[in-house]
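Below is one structure, written out as C-alpha cells; the observations come after it.
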C-alpha cells in the first residue's frame, strides 16, 4: 500500500516574527509544542499559514529544522517546499528530506499560469529526487493555479505522490476524488469552512491552522466522524464554523496571531506588507472566541 | 410552530409534451403517479424540471390541477408560481391555493436584476394574498438572481414564508442558514450533486428530479441520514453522484426525458428551443444507469 | 449586399406604465416622438429598456403597432420579438413583420442554458418564417446566455440574420467580429460604457437608451467618429461616461424614468417588481445631469 | 508637473536563459539592443515578460545593470522591483535607483490577499526610500491582486508614484483614470489585446513585449493615434491583434521566445517549470507571423 503518513487533524503553526520582522525561532518552537501537546495528529509547516513565500531560503531551512527537532517524532511532520522554479523546489525538498521530514507538501506556485504538462513535469522532477511521500496541494486562491481533479489524478500516478490536499472549497471535487480513488483515497481538506462536508465526503484528514486557537473542537469533530455520529459532528461543527470562516476571510497569519493574543499567548509580529488586524476585526474575533467559550 | 409541510425527498416530475409540443396532461399524471408510488415524501411541479417559464398561463393552470388531482393528498404538493411580474405571480399563487396546493414555491425571476428591496416587496405582496406557506427559492443559475443568506433570512420574517430552497451549490450558505435558524430550520437543498453535504449540514429535505430515475437510491440516502449513519449515507451517495451530476449538467428536462426512455418509460417530447440529448449523451446516460443497476 | 438598415445611434424608448401599472400607449408615443425629433438614426422597441419580458402578448402587439405608426418611416424601426419558446418567437416575429417593422431583434432568452445547436435551430426556425432582416443580440447579463463570437459568426450564415448586437462589454469580441466580417461588418454595440471603444473597434452603430436623456452628446460622439476625429470623440465621450455607467448600473427602465422626471418630462410608472430609484440615487443622477449641463 | 518619463511604446525584453537554465546576460543585451534599435520609446525589464519572480536577487541585479548599460540613456528605462515582502522591494528599488534606472515598476505581489491599507503602506514605504518616479502596476492575472481605480488614485497621492499601468483588460477603468486624472493623466496600458481601446481612452503609452516580434506595427499604431487618425489606427491594429492575443494566451516568455526563433533570432531557453510551446502552438504562431508579413 501507498505511503500515507497522515490522517485526522494536521495542524499548521504560523511563522512568528520578532519586532524587527526577523523569524522568531524560539517562539515558533513554542507554537509547535502547543499544537503537539493539544493532540494534533500531525504538524505541517511552511505552508500558507507559515507564510512560506515571504521567507528567505535560510529562514525556510531554520523553520524546517526547528519543526523536526521540536516535534521529535511524536507525530508525523509535513514540510512545505513549494517554489516558483523547479530547481529551488528540488533544493528545498532534498533539504527537508535530509532534515527528517515525514512528507513534503508542494503547491505549484504560479506567476505565469502553468500548463498541465508543465505542472506534471515539475512534480515529476521533484518527486524523482526524493524518497519520502509528497502531498500535492491545490489552492487557486493563494497559488493562482487551479488543478482539475483529472490533473490531480494524473499526479497520483507519480510513485511518491500519495496524497492530495484540496482547498478549492468545492465539495464536488472531493466526491470525484473519493469515487476515483476508492476507500483508501488519501485526500485531505484544506478549506476550513468545508470541514464537515469534506469529512462527510470521505476526507482522510483536515489540514488546518484552527488548532492554534480551538484544538479541542477540531479534534472532537474528527472523533465524531470516526464514531460515525453525524448528529454529533454537525453540532460540533456548528460551534466552530464562525471561527473557521473568520480566519479564512481575514488571512490565516493575521487572524491566528490576533487569536493567540486574545488567548493570552504570544503570536509574535507579522512581516510587511502583512499588517495586524484592525481593531474592529480583533473585537469581532474576541466575540467569536467568547461565544465558543460560552458554548463549551 | 411554523407551517412546514415538507421533509425528506421532494420529487419533481418533468412537464412532458406531445409530438406537436403541446402539454401532455395524461402522460404528466402518469409521471406524477410513478413518483408518488415510488415513495417520494412530496411532489413539486412547475419548477425548473417542469419548464415553468416555457408554459402559457392556461397550461400552468392545467398542470396545477392535474398535480393536485393525481396526488390526492397522499403526500403534500408544492406548486411553482414564479413569474417576472408581481401581478402574475399573485394570480398564479391564488390559483394554486384555490386548487388545493399544500404550499407554493417562488423564485424571483429576473430580467433586470432586482434590488433586495424589490425582492422583499415582491414576496411580501404575493405572501399577503394567500394563506398557504411559501418556499423561497434561490437559484442564480436559472433565475439569474442570487439572494444572499442575509436576504433569505429577511424573507423568512414574512409570516407565511416558512421554507428556503437553496440551489447555489454553496454548502457554506447552508451552515449559515442552520446557524441562524436553529434546529427547526426549514431549508431544503436544490443542488443535486450537493445532496450528501446538504444533509450533513442539516437540510430538512432534498428537492430533486432524480426520483424520476432512481427513487430507491434517493430515499435510501435520506433514510441513512435519519439513522445518523454517515458511512452508509456516503456509500449510498457515491452510487448516485454520477447520475446527479449528469442530470444537472445536461439540463433536467432533457436528461430526465432521456433517462425515462432508457428505463422503458415514455418521457414525452420537449418544447423548442429545448432539444433531446445528442446520441453520445444518451449513451453516457445509459452507461451511468447501467452501472447503478450493476451496483445494486 | 446584405440588408442592413441601421447605422449610427439607434435609440431605445422605455415602455411607460400608468399608475395602475398598465402600459401607457399615448405616453409611449410621446417618448418615441422625442427620440425621432432629437435626430436618432433608428428606433428600437421591446428590448431591455422596453421591459419586453414583463409584457403580455397583447401589450407587445400594441407597442409594436404604436412604434411603427409613430415613427412613420422617418427612420428604420427595430422591434424585439424574443421569447423563451421558439413558437412564441415566431408568432411575434410574424406580427412585427406584418405591422411594418424594418427589422427584428432577437436575444435567445434562457431559463435552461441552451446548447449552441439549440440556439442555431431557434434562430433558423424564426428566420425562415420572416423576410425582414434580424439582429442577433448577445447579452448574458439580462438574457442569461453568452453566445461566443464563433457562434455569432455561425448565426450570420442564416440568410436574413444580418446584424449582431454585442452587449458583453468585452471589446475583444468586437475586434474578432470586425476581423472576421470585414469592413462591411454589421455589428452594433449594446454596452453603453463601451461606446467609444466599440466605435474605435469599428462598430456600425450604438444601441442605446441614453438618447432619452442626452441625445446631443450621443449623436456628437457618432459624428466625431464619422469625421475620424478621435480627440473630439474622446472629449465628447468623457462628458457622458458617468451617465452611461449610471443608467446601466441602476437598470435602464428605472434610470431613464428618473432622468426624464429630472428633465421635466413624464416618464410614467414602472411595473412591479421594478420600483423607482431611491432618493439618494435620484440625487446622484441629478448631479450627473447637472454636470453635463454645466459642461455644455 | 509630475515626473513622467514615459510615453508611446515601452518595450519589454524577455529574460533569456542558457541551456543550463542560467540567465544569459550577453543574449539579454542583444535583445535589449534590438528593441532600442527598432525605435521603442522606452525599455522595461524585470516584469512579467522578464520572469522577475523566477530570478534570484543576484540575477535581478545583473539584469538591472545590463539593462542600464546597454540602453545607455538613449531612451528611458523602467525596472521592475516587485517582491512579496516590503523589505526586499525596498532593497531592489534602491539598487535600481543607484544603478541609474529612470523609473521603477512595482506590482503588489500577493500570496495572502493584501488589504488596501497594506498595499498603500507597502508602496508608501518603498516610495519614501527612493527619489525616482514609480509606476504602480495592476495585473490581477499574474499578481493575484486587483487594485480598484479608487485605490490606484489613492496611490497617486504618494509623491513619486506618478504613473499607473493597467493590465486588467477593462477599458472602463481607463475611462475612470482619464476622467479623474485629467489630460495629463499618466496611465499606461499593459493589456496587449486592448491596445487600440486604451489609446482611444487616452492612455499615454503601451507597455508591451510585442516589439520583440513586430515593432513596426506597434510603433505605427502609436503614430496613427498621435496623428488623430482613428481609421488608420484601426487598420494597423487589426493587422496585429491576432499576434497580441496569441502572446498573451500562451504566456509572454514562451511566446516571445518561440517568435524570436521563427524570425531567425536566438530567444534562448526558458527556466523550469516553464517549457517551450508545443509544436502545434509554434505552427499557429508561424501562421500568424506569416500573415502579418503578407499584409505588409
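In order of appearance the chains are A, B, C and D, and numbering begins at 1 in each one.
Rule of thumb we're sticking to: contacts are C-beta pairs under 8 Å (C-beta built on N, C-alpha and C of every residue); 3 or more make two chains touch, one makes a residue touch a chain.
Because the structure is predicted, anything quoted here is derived from the model rather than measured.
Peer 1: Using direct touches as single steps, what is the fewest number of steps from chain B over to chain D?
Peer 2: Counted as steps through touching chains, the separation is 2.
Peer 1: Measuring between mean CA coordinates, which chain is farthest from chain D?
Peer 2: Centre of mass proxy via C-alpha means gives B as farthest from chain D.
Peer 1: From the C-alpha centre of chain B to that of chain C, how far is it in Å?
Peer 2: 35
Peer 1: Quick check: how many Å separate the C-alpha centres of chain A and chain C?
Peer 2: 51
Peer 1: Could you put a whole-Å number on the gap between the CA centroids of chain C and chain D?
Peer 2: 38
Peer 1: Mind listing each pair of touching chains for me?
Peer 2: A-B, A-D, B-C, C-D
Peer 1: Quick check on the complex: what are the chain B residues that touch chain C?
Peer 2: Touching chain C: residues 21, 48, 51-54, 84-87, 108, 111-115, 117-119, 121-122, 125, 141-142, 144, 251-254, 271-275 of chain B.
Peer 1: State the interface residues of chain C toward chain D in the complex, per the touch definition above.
Peer 2: Where chain C meets chain D, its residues are 169, 171-172, 175, 178-179, 193-194, 196-197, 200-202, 225, 228-231, 233-234, 237-238, 241-242, 245.
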